[in-house]
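Look for chain A in each of the two complexes below; its partner is chain B in the first and chain C in the second.
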Partner chain A sequence: MLDPDLIAQHRQELRRGTTSLACLALLAATPDYGYRLIGRLADLGFEVEANTLYPLLRRLDKQGLLSFEWDTSEARPRKVYATAPAGIELVSLLRADWNRLTEALDRMDRP
Partner chain B sequence: MLDPDLIAQHRQELRRGTTSLACLALLAATPDYGYRLIGRLADLGFEVEANTLYPLLRRLDKQGLLSFEWDTSEARPRKVYATAPAGIELVSLLRADWNRLTEALDRMDRP
Partner chain C sequence: MTLTDRYVTATLSRLAEDQRSDVESQLREAIGDAVDDRIDAGVPAGQAERDVLNEMGDPERLAASYADRSLFLIGPEYFLAWKRLTVLLLWIVLPIMAVLIPLGGWIDGDGWATILGTTVGGTLTVGVHLVFWVTLVFAAIERGRVKASDVTEPWTVDRLPEQRDATVTWGDTAGTVVVIALTTVALVWQQLWPWARTADGEGLPLLDPSLWTFVLPALLVVMGIELAAAIARQMRGHWTMRDWWLNVAVNVAGVALVAVPVVGGEWLNRELFAEIGWPDAATDLTIANLEWGTLAIVAAVAVWDIVDSYRKARRAR
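Up next is the complex of A and B:
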């Protein structure tokens, strides 16, 4: 009855805003390389592709929510991202929003 | 420290996907006019403006997730929207996604 493309579209919309939040929360706990962050996100159920994640990390960096240092210990320098103080502040605001939305959805189930 | 526009942008992203879900869930419980749905959403903490909600309702109708009947009991005919069977199915899928995302976010807090 439900068109798979339609389901996918609505799922993606629901998920989109949470990916930034998940990245900021994970990189606040432990700074990491982009490619390892993809694995940590996947472990939590957030399937994010590299060509989605890398532009997102650059955007969050430009917004002052993340910062990075170069790890030059190997042949090719790699960026190690960490959540900036502004990003940590945003995580707590967005978590509060998320909790309010969850409560609102729960209240709908018992009108 | 945090730019208010930046906060607003991230909040809106987080919220966007949930508005469709909230509309479908509310109109599954009780069919309603668009303008009254705005009030029911606001009561639950979803501030949605008419010029956002009306195009959304038309989109959900085109997607077969909502249907409407004309209420002609007053001078000006009005649409009464109700969630279609496909919409009810989608609500339960998206609620399951939401619960998984909530669990994932909760797990981040205790790494």
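Up next is the complex of A and C:
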């Protein structure tokens, strides 16, 4: 029986870095604001806390991978993020890497 | 002021001026959306706000995340360089302080309790300062976004420590033999061929002649044991922990044999000093100062020898 803490630790290591990729990929498909993006990520099995996601969005924006527009149609103004061309390019690069890893894992003999 | 206002203020106060309005709008959006969602799900407004802010966590942590600030003093890139430098400096500086401070106290003519106190306190203070300032510099480098490769050399195999030989070296043994021989000769010499005489031609040795009833012969025996042990070790070729224990016993015995007459004020020959008229009015030094100084040197050598032989014995295991 595996120790749950051990599983959690290895899972965390495996998932580290996938959040940015998931955000960029989702926002390339449909632009969205932070809170709804958390919901979309959760639906896909990416559990991301608000205190991680919002600083991440801002960082990706500063890196030129995301762009945003203010949505002022409701009482509370919201930043609606969309993946910038540079972000789309990065997604395709990272996705190719990810696929290579998946293929490599599939090629390995299963225990 | 609502809880949210206080939370936003607490977060923004940790951020640079030019980031604040940007982060504030995003933060209010994030909190507002999450609170609304909970209220729609039937949570009372006040409770919803509390829950959301609790989940957002420590504002200082959130601000650090926004500003890309590290939440550690010295990170893994610099930790080893920091540790090596700190340990190296402590090894160099503290022994020097531990010698200089008592020397200064002794020159000032302080009592042994005062000297002990200032030595322990002063060495400790210097150590604390040293660790503090080295840490401060490294913490500044860590935050200065300097690349570790600019400050530290990359590790290569050339930095592997030498595999030190566990065997007994001829140099060590020769050193021990020479020191013991010189000390023995000096002890006998000062008694048989004293460099000062009284007016009627009686010799005045440097050490109190009454010590020959027990202390000096005992010292010669202790040195004889040390000599035999050193030669036996050389023939055996390697150190053992038993060598170390014997070394501790010999050193403790040697220090004790010097300490007893020093405490009793009968290590140096008072008659000799009376004859040569020193110490005179021109100096603050007393004969007792000289005796305690001798004891301090003997004790320091003994401590060094115990530490050194422990390392050698441990290496051989």
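Going forward, the second predicted complex is superposed on the first by the 108 of 111 C-alpha atoms of A that agree within 3 Å, B and C clash if a C-alpha of one lies under 4 Å from a C-alpha of the other, contacts with A are read in each partner's own complex, and residues count from 1 in each chain.
To be clear about the criterion, a contact is a pair of C-beta atoms (placed from the backbone, for glycine too) under 8 Å apart; a residue touches a chain by one contact, two chains touch by 3 or more.
Note that the structure is a prediction, hence the values are computed from the model and not measured.
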item: Which of chain B and chain C A:14 touches, first, second, both or neither; value: first
item: Contacts of A:100 with chain B and chain C, given as first, second, both or neither; value: first
item: More chain A residues in contact [chain B versus chain C]; value: B
item: Chain B versus chain C as contact partner of A:26, first or second or both or neither; value: first
item: Touched partner set for A:89, first chain B, second chain C, both or neither; value: first
item: Contacts of A:108 with chain B and chain C, given as first, second, both or neither; value: first
item: Which superposed partner A:74 touches (first chain B, second chain C, both, neither); value: neither
item: Shared chain A surface residues [contacts with chain B and with chain C]; value: none
item: List of chain A residues in touch with chain C within their complex; value: 33-35, 49-52, 54-55, 57-59, 76-79
item: Parts of chain B lying in touch with chain A, wherever the complex brings them together; value: 1-3, 6-7, 10-18, 20-22, 25-26, 29-30, 44-46, 63-65, 85-86, 89-90, 93-95, 97-98, 100-105, 107-109, 111
item: Chain C residues within the chain A interface of the complex; value: 22-23, 25-30, 32-34, 37, 52, 55-57, 61-62, 65-66, 68
